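Labels run A, B and C following the written order; every chain starts at residue 1.
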Amino acid sequence: MGRYVLRRLASAVVTLWVLATIVFLMVNVIPGNVGRSVLGPFALKEDVARYNHQIGTDRPLISQYFTSIRRVFTLDFGDSYKSQSAVTKIIFPALFRSGKLALLAFIITIPISIAAGIFAARRQDKVTDRVVVNAGLATSSIPDFVTAAVLMSFFCVHWKLGHVFADPPSGTSVVGQLPYLLTPALALVVAYFGYIARMSRAGVINGLQADYARTATMKGLSKGAVMRKHILRNALAPTITVISVQIGYLFGGIVGVEKVFNYHGLGSTMLSAVTSHDIPVLQGAVLLVGIIYMVSTLLADVFIAFLNPRVRLETSR
Amino acid sequence: MSDSEEFVPQPAEIVSTPGADVYMPNTTISGTAVPPNTPAEIELSGAVQVSERQQARRENWRLIRRRPAFIVGVFIVLVWTVCAVLGDRITPHSPLDFRVAGNGQHLSPRASYPFGTDEQGRDVLSRVMAGARDVLKVAPLAALLGVFFGVILGMVMGYFGRWIDNVLGRIVEAFLALPVILLALLAVSTLGHSPTVVIGVVAALFTPVVARTVRSAVLAERDLDYVTSAKLRGESSAFVMFREILPNVSGPIIVELTVRIGYAVFTVATLSFLGAGPQPPSPDWGAQVSEGFRNISADIWWTTFFPAAAIASLVIAANLIADSVQSVLEAS
Amino acid sequence: MMDYRLFDNVRRQASPVEVELVEAFAQGKISRRAFVARGSMIGLGAPLIGAILAACGSDKKTTTPATSGTTAPGGTTAPGGTTAPGGTTAPSSGSIKQGGTLRIVAQTPAGPLDPVAMADLGTYCPVTTCFEYLVDALGGDVKPMLAETWKPNADGSVWTFNLRKGVKWHDGTPFTSADVVATMDRLAGSNLKASIAAGSTKAIDDFTVEITLLSPDGQFPQQVGAYNPQSVITPKDFVLGTTLDKRMTGTGAFKMTKYDAATGATFEANPDWWGGKPYLDKLEYSFSEDLATLVSGLQGGAADAITQFSVIGGDALFNDSNIVVQSIRGAAHREIWMNCREGDFTDKRVRQAVALGIDRQALLDTLLKGKADIANDHPIAPIYPFFDATQPQRVRDVDKAKQLLSDAGKAGLAATMYFPNLQEIPQLAQILQSQLKDIGMNVTLSQEAVVDGEEWCKVYDSKVEPAGCDGGKDFGIVDYGLRGVPDVYLVKAYATGEWNSAHYISEPFRAAVKAYQSSLDLDGQKAAIKDIQKIANEDVPYAIPYFYNILFATAKNVTGIVATGLGHFYCGKAGFTA
């Protein structure tokens, strides 16, 4: 087990380095003069040159690359061009906010979806099964920003049940923050329910097919207990897989939902960094999202390996 | 039947959802292998295999055609394709016609304007119909390109293995960690708002996803007898990959393609919602939702609802088709 | 009956400028309204003005007080006032409660809160909540703010300001002339470099400052008033690059306690404010870059006020009975620039064709629902007292436009229009595209996130005329906020400033601007403005279709807010009604 973890860790570090290189290449391919972007079009050429020299963009690309990689591993992302404060001061609070929302969304979605998946799997191909599957299919196909807009307009504006701006005022207790985060979390629930339900349904179906063969040879063990134990395990594995992959998306991809609720998570931070060409913030945020994705898939792999010894033993080819 | 892999999700269904980029035999590149699909095929030699395969395919196709989900999906796609092709020739009003006199703005749905009018007085039904073109111009092509390159990449990784797989695998994983929408936005804001840029970026970011799927499928095949016999015959690697293995993994690839199309529609719509789509006054669906959304709190729901429903319908259609194909392939 | 004794006194003691003004009023050459405005501008104290007005009895020829909808930049707030450029929410019946937190939604500041370098409405708002100006040139005549009195010398080239005593910075240190001198010196290198030079501000004593101008300017107080946002007075330890969020201080009614560009800002009441203790305890700002989000915030009850919005997208607010919309008529407008130096628009006929192709009334009806004044391709708004109403209004003439285009050899011209995603500008661009199609022009639209100068100032070389900007796009739309006087537009956009997106150089125009700036009386201004209007309309480097009203809105129970079209949102006297 330990060897497997170490191996995965090593490959994750390599991937991180590759990721940092890709990000570096991307942002340096963006046309434009950094000094000019920051100081504006009306600044004098000498001032622009001085600024460029000061922040080091006139150094050769290779030396900038090494500095950039070194800084990634020390989590030093420099200063924002737009607001001149440290990038970490901008992206970590945003990260925290995204995390809160993701956590709430998962807390609601996972139990419901797994339950629905198991429920549907046990009634495979009957009417209820088809209903669950197709409902899930339909709701997951609606773009997340649409669900968010509809929920916002009905729950928050019309019926005044939720808050139009999902950012709770500073100092609200954890419990007090729930009403604020609930509506955007619901939008995410609608989007992910279908997917997770179908995934866990698939896992359970697989498991059931095996279990019937197996339990036929088992005597003395309560069929129900065996089934329950196995069913949950079967439902869980694909769910973990899905969640680990989706986590990266939840931190960087739900820009639409964040925009609708004026929620300043990592997605909307990246969005404003893109529109204002604020390279350090963009670089830092993209790397952060990448790191989160890699960590979550690493953890998921380790957990699954823990559950299934066969995974650990196979070497990656 | 062997003891099934409990923890290798053999999904009975695949679905495009936000961020869904996984047809999942495995979680990651360094995951587990997939049991073979059709034991029957593996036992046979090459020549016999071909005709059996063709027959199996025809049979599958017949089965797929008859599934209701497939029919519904294809029907929806056809409707939008017709709208895209014929464009403003069949729309009841011009999608770009302004009612400049100040009345005619934000009319609720009625007989003359079944979907109502927007804030500049344009007929929403016409704009939704015309908007099909913008989506169908970009999404299928992006998906196709992504699958094309993904297949090549996945083949190479799965077949050659060893260090090629490791090196490429790290690069693929790194790309998978990048946020698609933000990068597409970045590309558009620096390279311009052309559909080519969007297609290019989306295809580039789909390639690693497809590659991963193809790789796992290839991993399952490459130790099988027909591959070994082809190698013994002296065939080149390219031949083995694309003439021998590829047909056997075509099932998952087709499914992946349809899933990718759904996801491409999704991504493209979100991009134009965020302002990276075609320029105004284009009737692009995502742009329409973005324009209409600011009036939702004034009870003007139709300018948002109908384009959004259009987007959803196309994604659902893609998923229904993918679902049908997958079910049939699975069962066979 | 006129009191000649009073006039004699004035003549003997006052400066030539003051005497000239009083004479003009006495002889009926200027209206009562204009006299008050000009008088306060040149520092005639209110008591004196009042005395003179009283001395001239009812046989004076006066203009009727502003009817609702026609106020000069020195316009007073009518009761239930909704139309002064310094629009206020009228105190409704019932008194104002002490206490409370006002939640405001506003445009995200586009950059650091640097008082000298800021250039967008989003940044003006928080900065001007903390910092103040020498004079208050808002809803009314030029009123004292950090300066109590001021007067010019004989020709208006040296201005002396007497500062208010007892004002403290938010950290407790006293406000003195040293702060003003430091501020002026910093501005001399940037924002006010056309008016003063570094070192030309002298502190006569702790509370008196003397500013020597580079050339006479009868309107100088406007340059240190609210309509020049960068002229806020900052403490003497501020240098170029110091920002408010790093060093939270100021003299205003509220002090900043928290700032995060992404989420918002918090301000607490300054109990020692020279204007009196504010009613409100706190201001909570939420920022967003998206107008729809702001509007839904106010409508959904997440906020009590919105600093600015536009007709497009604001429909919800107009029809909501819980929300009060305030409309400020003024000089805010959009300029459709056309490159006069190179490209397809260098020929004046092409530009005139574009101007003739625009259907202004349609824009007013569709885009602005009437909440605007029609404009005539120059930046002089009807609210200015020197506006020349005799100039014929340009109206749409498709045939003439087509003729001009083909005369210039540009029939069927294809061009790309660049514009920001700001308020109603995207819709304006779309409508223009379809209107210009009628004259044979083929316009492609290109929407940017913001238009911040890079579009016309791609390469900056200080030696290139005008203002060192070169390269860039030929055709686009840019926004201009409300100003109390048009000097900023005239200098920065039309003459030598870096906002001259059309790269327009015209000696007769510059001469007219100089004449306008150096005239100290209304007649001189009127004559110069008449020229300015004529040349601008003829050369049309910018097609200007309308002056739009500034809209802001509050919940029904909020009152006392003073807002301008330039990002200010003064809450010093604001509060919740009981």
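We take it that a residue touches a chain if its C-beta (ideal position, glycine included) is under 8 Å from a C-beta of that chain, and two chains touch if they have at least 3 such contacts.
Since this is a predicted model, take the numbers as computed values, not measurements.
Undergrad: Please identify which chain has its centre, taken as the mean of its CA atoms, farthest from the centre of chain B.
TA: C
Undergrad: I want to compare two interfaces, B-C and A-C. Which one has more contacting C-beta pairs?
TA: Of B-C and A-C, it is A-C that has more C-beta pairs in contact.
Undergrad: So which chain ends up closest to the centre of the protein, judged by Cα positions averaged per chain?
TA: Per-chain C-alpha centroids compared to the overall one single out A.
Undergrad: Go ahead and note the Å separation of the Cα centroids belonging to chain A and chain B.
TA: Going by mean C-alpha positions, chain A sits 21 Å from chain B.
Undergrad: Using CA atom averages as chain centres, what separation in Å is found between chain B and chain C?
TA: 52
Undergrad: Mind checking the centre-to-centre distance between chain A and chain C? Centres are C-alpha means, answer in whole Å.
TA: 45
Undergrad: Check each residue of chain B and list the ones that touch at least two other chains.
TA: 189, 293, 296-297
Undergrad: Which residues belonging to chain C are in contact with no fewer than two other chains?
TA: Only 290, 296, 299-300, 449 qualify.
Undergrad: If a residue has to touch 2 or more other chains to count, which residues of chain A qualify?
TA: 152, 157, 259-260, 275
Undergrad: Spell out the part of chain B that touches chain C in their complex, as residue ranges.
TA: Result: residues 96, 98, 100-102, 105-106, 119-121, 189, 193, 275, 279-281, 293-298, 300 of chain B touch chain C.
Undergrad: Flag every residue of chain C that touches chain B in the complex, lowest number first.
TA: Residue positions touching the partner: 290-292, 295-296, 299-300, 312-313, 315-316, 319, 359, 362, 365-366, 369, 421, 426-427, 429-431, 433-434, 444-447, 449.
Undergrad: Please name which positions on chain A make contact with chain C in the complex.
TA: 40-45, 82-85, 90, 93-94, 152, 156-157, 160, 163-165, 167, 169-170, 259-260, 262, 264, 268-269, 272, 275-276
Undergrad: Enumerate the contact residues on chain B facing chain A in the complex.
TA: Checking each residue of chain B against chain A gives 1, 3-13, 15-22, 24, 27-33, 161-162, 165-166, 169-171, 173-183, 185-186, 189-190, 219, 262, 266, 269-270, 273-274, 289, 293, 296-297, 301, 304-305, 308, 311-312, 315-316, 319-320, 323.
Undergrad: For the complex, give me every residue of chain A touching chain B.
TA: The contact residues of chain A facing chain B are 7-8, 11, 14-16, 18-19, 22-23, 26, 30-32, 133, 136-138, 140-146, 149-150, 152-153, 157, 191-192, 194-195, 198-199, 201-203, 205-207, 209-210, 213-214, 230, 233-234, 237-238, 241-242, 244-246, 248-250, 252-256, 259-260, 267, 270-271, 274-275, 277, 282, 286, 289-291, 293-294, 297, 300-301, 304, 307-308, 310-311, 314, 316-317.
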